[in-house]
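Below you'll find the structure I mean.
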Amino acid sequence: MSAVLEVRDLHITYASSSGLVPAVRGVDLEIAPGETLGLAGESGCGKSTLAMALLRLVPPSTQITGSIKLAGQDILTMKPGQLRAARWAQASVVFQGAQHVLNPVRRIGRQIDEAIEAHGSASVSRAGELLDLVGLGARRGDDYPHELSGGQKQRSLIAMALACDPLLLIADEPTTALDVMVQAQILQLLDNIKRERGLSMLFITHDLSVLSHTADRVAVMYAGRIIEVGAGDALLRNSLHPYSKALTASFPIIGDPSSRHQPRGLAGDPPDPNNLPSGCPFHPRCTVAIDECQSVDVQLRHAADDEERSVACVLVGKS
Amino acid sequence: STGASAEGELTFAVGVTQDIDSLNVTVGFLVIDYEIWNLTLPTLTSKAAADFSILPSMAESWTSSEDGLTWTYKLRSDMKWSDGVPMTADDVAYTITRSVQDGWWNHTTVTGNLTATATDAQTLVVVSSVPDPKLPILDVYIVPKHIYEKISAEELPNYLADDNVSGGPFQIVERKEGEFIRLVQNPNWFGKKPAMDQLIFRTFETAEAQYNALKAGDLDAVDDVPGKIFATIMAGDEPNITGIAGNQGSFSELAMNSSCPTGIGDGHVALKDPNVRRAINWSLDRQLMVDKVLNGFGKPAVGISASANPAFDYQVEADQTYSYDPAKANALLDEAGWIDTNGDGVRDKDGVELKLRYFDRSVGGAADTTPFITGFLKDVGIATDVKTFDEDSLAAIQSKSEFDLYTWGWSPYADPDNMLSDFITAAVPTDPAVGGYNDGNWCNAEYDALYAQQHVELDPVKRAAQIQEMHKIFVNDGPYAVLYKYDNLQAFRSDRWQNFERQPAEVGPIMFTQTSSAYLNLEPVSGDSGGGGGTNTIVVIGIALVAAGVVFTLVRSRRKKSADDRA
Amino acid sequence: MCAGGQIMTATESLLNVSNVHVAYPARRRGGKSARAVDGVDLEIRLGEIVALVGESGCGKTTLARAILGLQKISEGLIAFDGELLPTSANGKKAFRRRVQIVFQDPTASLNPRQSVYEIVAEGLRIHGLGENEHHVVKTALEQCGLHPAERYMLKYPHELSGGQRQRVVIAGAMVLKPQLLVADEPVSSLDASVRGEILALLQRLARDENMAVLVVTHDLGLPWNIADRIAVMYLGRIVEIGTTEELLANPKHPYTQALLSVVLEHLGMPQQILVGEMPDPTEIASGCRFHPRCPLVQSGEAQRRGIADRCTHEDPLLQMSGNQQSVACHAVGV
Amino acid sequence: MSNRYVVKKIVGALLTLFAVVIFNFFLFRIVDRDPLTKYRGRSKLSLEQRETMIRRMGLSGSKWDQFVAYIKSTLQLDFGRSFDSTRPVLREITDRLPATLILVGVSTVLTICIGLYIGAKAGWARGSRFDRVSTSTTMVLYATPEFFFGMLLLAIVAGRTGWFPTGGLRDVGTNNGFVASLLDRTHHLVLPSLTLTLGYLGSYSLIMRTSMLDTLGEDYLTTARAKGLKESDVMTHHAVPNALLPSVSAIAISFGFVIGGAITTETVFSYPGLGLATADAIRNTDLPMLQALFLVASAAVIFFNLVADLTYGLLDPRIRHSI
Amino acid sequence: MNDLVPSTSPRDMTWARRKQALARVWRELRHDRAGFVSLVVLLGFGLVALSAPLIADRSLLLAAAGRNNPDLASPSAQFLLGTDDIGRDVLAQLVWGSRVSLFIGIFATVVAVVIGSVVGLVAGYVKGKVATVLLAIDEFFLVVPFLPLAIVLAVILGRSPVTLAIVIGITSWAGSARLVRAQVLTLSERAYVERARALGAGTWQIIFRHVLPGVTPLIIANATLIVPGAILTESTLSFLGFGDRLSPSWGKLLDGAQSSGSITLNAWWYYLPPGLCIIAVVLAFTLFGRALERIFDPRLAGR
């Protein structure tokens, strides 16, 4: 079966008042049917930009090059009408911060049905059914967003995302603003739905611990690039790129004596996309950097000992 | 258009810039009120438009007793009020008696010293306590007894006079406050029938809007044309419009607080000195103000007009008394001891600056003279502190005599007595709650004596001489700097109406006069069919259609646009 | 228990919170007041790091603010160094030299119009400690890992990264050399990579300056990293408290167990996802406040143990259970 | 919308109105003016007569007595008699109210409809040609005093072409039937209402544009687009309803300015409504009239604000359902 | 940025910051076309107003100045904008009128902003009864129709330019009080204010160090937006006859033009220039104020 999503050499550059911001700088991705890809990285590394670009939802002035094939069709070359048809039907999004993502003056049910109507089908409301599915109860369709709690809003967003039976679910930090317990509820819900419907999912987060049981594969992003990608568990347990290492280390394993009274993290600041360092963008913060790192901008390449694993690091290639 | 209404009724529409304040003859006092009363209330006798000489009206004839104190009037027998109630000597007697009892403002100057009895329906006997030159004209409006006797003295000031009972050539049929008043012919009117069936006075906020309505043909005549525009009419720029600059004695003055010893107030010490007042009179360039403020429609004056009839004016030309002579003003001020000792451009004396509180009337004829006057005064070293007030606030200040200078103006009646009475000592305000008409806060025993004499002088020649003498005292002592007599600028559609009667002859206006007889003599120009309202309606409909079209197109184009999408 | 080489010598207590209640008045007339903190007892000793853990809305921030005197308490006592919190303006001011707070969001905590120098010096100026200001500010900044201090002093908050901002906030608190630092979720708005650095800083400062730290968090990994003791808070009440090792290894309260389970699945604990949303402090259940969500009650376990009735009617007290561990649960010890 | 919200708003409006009433009382007692000047015979009145009249005007007794009397009569809608016409003020006002209601009503409806439409469109298509043209036009409209519009219209449209009357409410002579008189009144209404509309169109459309721009960055618009909605649907179903909310109160507040605009507009066009009455009352310092007119104007604005608050409550479910 | 400034006194730093802030404002203004153009226009008007005595002698305003001139003469070499209804140079009046109009506009704004800021600050910072009362007063002034209120006050207070400015100021502060209060409320919710309180700062220290600096830009931008309203009000009141007859403002000129019939007489040089000046200045102030708003509040960028 061919990939649900196939992204090739994607570059996304924002035109902002302070100049061009290269937010995504050459990303390749694919997601197989039924697969969940976890995308992790620090704030500002371009995760949301990438997600938004998948449905061409970035501001009109943004330059996008490369290709994004969703179910075989290139999103970037579609006409407006085609694009509208592809949105939500091929791929839908569960956004972060349901607070602002729902229109405060429209009923939840309307907002769900609206998506279905936009795609021509269904004169009968399916909102109730979908809300039931996510455990909210059909009656909540008559509520306005402010009448729901954070977790409930997130559930209704999931219901909305399922409205047109998409192939791919893009979840952009769907649990970040939520409390631990609610977060666990939502993750469980997403997991069930994905499994029941055989959905593919792109799961974006900055919290690696969330990915440990959600993602089949994990990609780690840094400064607009993917710097490591591989099978979920393996990557989290044994990351190869120094950045991924630092990232995984900063989530302590409780009970693990090596991290007791030993908080670990990464020195230095995240890079400024306007002013990226030369060579490997991570080298100023890298504890194991060698001279070469300042000049060589390594591309993603297969790691020697794990064929599913690709890493963009000079050292990893060498070892 | 109102030139002719659809039913072929002949309408005469007049534009006015003043709204009626009250139709109640015991309360109202605006010129427009008088105009309506002239048209709806009868008088015992009438006055010739040309020279104000006496004419019969309700009374057909009158005779006087030897001593001139008793007058017997013979009234017409065919008179009826518009509601059909007979109009008799009883109405007249009632009006005179009641007006004295209740102290009706518009009546008592004439009736105050009279007692009247109706010996029968057609005979009226009037007895005066003193010889009275205002008889036999007896110039007051007669009210319908059957209406007024139902209203108590207490209620009367609030009575709106909306009974519409008329004893004049017209009767009121409709009134919209601030908009218009509509009158139609009174079928029971005993005098000459007017040519028009209805008479409309429409109120405009600005003289200009009103003039434009005349030009557009919505009006037949207007009172109060802006001076600049009037000049173009007089220059013949408007073939269908004729302008009449009529003068009936209205004048504007700068009042000075002369601080009469029997009065109250806090007038500036300098103004107690007649020489300072004279100096102020000399400092004014009256001709410039006539040219600039009145656009030449008026003439400089130094004395008041005692009457609408110029025969009662001070018969001395302006340049023989006060002309524009700043040097003379300066000399007088120097002489009076007001000298600019500290070099600040303002004269002073004993540490008191010659700086005068100047109260400026916010509306009315004198409005635009203030910038001129203050300039002239500055030129002779008199500073002013100008505050602008509306008439009523100004009247309150005047009642307290707490001013130095202020601007005001008057329009006299036909008989000079009323105007002259304002300057006697008894008219000086002594209680702010009551006030008084002597707004120069001025008194002069000689003037008082002469006033008393003319008040009872029956010989017109002698009386005229006494009045001249009063003028002389008043002008010489100068509580007023009279500025000018201004013309009433009126215009009418000469393509529609003709035979306008001026009052007084040659110099006077045609409307808003002492008797308003002009309306009775007006004649339509034959063949006139009025202005065209039809075209306007077509324009409206056209515009509505265009607007609808625009909206439709907008909506359409919006629909189309929204079909396209943002990429 | 000694872990990571730290020796718990000082047992002298610095802060004593006993039976503290904070109720926010009802927002609407006729509504109920929110009992955000509802009878908390807590002791913090000199030089120790205590973590206050709990779900969102359970009253952690409210308690932290009450400790600082920024929030009026409606009942109970708070004593610092043996004395009740002062109420006079001067007393408060003096007290605030000794206790400082660091908030969750460093960006919001910094006035965008002040330079780093001014921000750090502000405490000194307020307390009239102007002498040698420059030196003190510099030392504080460098102590907090901003080397060389001169490079940062003239910057404005927007010119700094998130981690640097939080360091500036901490430096601003450290200039006053407080004995107690309250850190309200000091890393939750920061990137994962920066988190460790800030935590290490807090730990170092506590050790070097012998400063007690109360760190508020909803993340159980944090105390494992730095805290000596953990207090677990549920709906305005501390339901379990103990040393980090003891409590994390052997959580006794069902709520603690559930919390731990959702982050610790890889340790083989079955996930116990509590149903329902964030509890509401205006509607605190009778009996044990946790009973409506308690897995023991829901699974019938409580019934079996014969405590179900107590769970719904009797408010459990915090009772010693183990070495230094206290739990407020009827099921414990039964 | 809960009753509590409605009641709260109504009570608030009544309180404000009451404050105006009190304010009115004190304000107008400061003016030093003889209430009897209009009664020209005042100098001939006896002191007793004067006192009777002054008492009847509610101007006698201690300030407190005056205040009580004033409140009583105001509550009975008795505003005394006009110093100027001596007619009861209430009658003066009821006579002129319809003209102003029509003028302000027509203009307000036009201003709101056109203004909101332009503003919404311009804000939505920020930077487009429509936006540039309409925004610069509305800015100029905003900067122009409405009476200057009136003067220009008078000079150009009425004066030069004669297509429209230069003033008044209607032609008095025409009494020929309902349709003709309706047309006639409309004809007289065109320029004044155009003036008032143009005068306030600017601010309304700028307000709407601004709140439209505020919503542009909102995430729910991205959601709507992501769902595959047409741009026009995104605008009408998502952007506009949200942008309307802040506009409603801003518009209600600027309604006060429209009331002010009616004063100058009616003056320029001699349109005999309450605005013209205000101008006249100013000229004559007709205090009872001014007092009542001020009260009426305030009441109108307060009422409009109340309506706006209630509309807001209807438009915004956050208010409709809570509180 | 300037990493290498070693040790500086706090005052130097404050200065440096102010200079930097000003420089930033200037830089952004330079790039904001509408804002920059309107600033130039405003400076132009300001210059004209200030140098009025150099452009036209004050005596040209005297009523008698038109003594030897034709009335309502159309523009010519001698009278660039013709003469008014009493023969005076319209240009001279326009130039001096700019003084009165700008003075009233700005002075009224100062009054409004001072009242508005104080009320807003107090109502925002102090809670309880005082705030309730202030808010009620604010609500009152916000709701009560502005022009009728101004008229009523003008009737009572009189007609000089100063009282007119005060009247306008008194009637237009309510909006800025709201704005300031809202800003103060959000500011005092900010964590940095709480931080200052935790550091031991008193109310006044917080107001002066944190709240006031935070609201100042807003106040400035808002003030710039009050000026046009004040100028419009001045012209309206003058047009209704409230102006001071002896100091010619633009509104007064329009009143003069209207009452002397210059519209009917097609004397456009009398009524157009003051009207256009009002539009230009109001527009410029509005655009400038909006530009300042954009600069001070980056969220509004792109308006």
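Labels A, B, C, D and E are assigned to the chains in the order they are written; within every chain, residues are numbered from 1.
We adopt the following convention: a contact is a pair of C-beta atoms (placed from the backbone, for glycine too) under 8 Å apart; a residue touches a chain by one contact, two chains touch by 3 or more.
Please read all numbers here as calculations on a predicted model, not as lab measurements.
Asker: From chain C, count the fewest steps through touching chains until chain E is reached.
Answerer: 1
Asker: Write down the pair of chains with the top C-beta contact pair count.
Answerer: More C-beta pairs are in contact between B-D than between any other chains.
Asker: Taking each chain's centre as the mean of its Cα atoms, which chain lies farthest from chain A?
Answerer: Taking each chain's C-alpha mean as its centre, the farthest from chain A is B.
Asker: Rounded to the nearest whole Å, what is the centre-to-centre distance of chain D and chain E, using the mean of the C-alpha atoms as each centre?
Answerer: Centre separation, chain D to chain E: 24 Å.
Asker: How many angstrom lie between the centres of chain A and chain D, each centre taken as the mean Cα position?
Answerer: Each chain reduced to its C-alpha mean, chain A and chain D end up 54 Å apart.
Asker: So how far apart, in whole Å, are chain B and chain C when each is placed at the average of its C-alpha atoms?
Answerer: Inter-chain centre distance comes to 88 Å.
Asker: How many angstrom between the C-alpha centroids of chain D and chain C?
Answerer: Taking the average C-alpha coordinate of chain C and of chain D, the gap between them is 56 Å.
Asker: Would you please write down the residue numbers of chain B that are in contact with two or more other chains?
Answerer: 206, 212, 362-363, 564-566, in rising order.
Asker: Residue numbers in chain A touching 2 or more other chains?
Answerer: In chain A, 84 touch at least two other chains.
Asker: What are the residue numbers in chain C that touch two or more other chains?
Answerer: Counting only residues that touch two or more other chains, chain C contributes none.
Asker: Which residues of chain C touch chain A once you look at their complex with the stated criterion?
Answerer: Spelled out, the residues of chain C in touch with chain A are 3-6, 55-57, 161-164, 191-200, 203, 218-221, 224-226, 244-245, 248-249, 258-260, 262-267, 271, 273-275, 277-278.
Asker: Touching residues of chain D toward chain E in the complex: what are they?
Answerer: 12, 15-16, 19-20, 23, 27, 30-31, 126, 139-140, 142-145, 147-148, 151-152, 154-155, 159, 210, 213, 253, 256-257, 259-261, 263-264, 267-268, 278-279, 282-283, 285, 290, 293-294, 297-298, 300-302, 305
Asker: Contact residues on chain D for chain A in the complex?
Answerer: 218-220, 222-230, 233, 237-238, 241-242, 245, 315-318, 321-322
Asker: Using the touch definition from the top, list the residues of chain C that touch chain E in their complex.
Answerer: Residues in contact with chain E: 68, 70, 89, 92-94, 96-97, 100-101, 103-105, 108-111, 113, 115, 117-118, 121-123, 126-127, 134, 150-151, 154-155, 159, 169, 172-173, 176.
Asker: Which residues, counting only chain B, touch chain E once they are in their complex?
Answerer: Listed in rising order, the residues are 206-208, 211-212, 226-229, 232, 285, 288, 292-293, 295, 360, 362-363, 367-368, 370-372, 374-376, 386-388.
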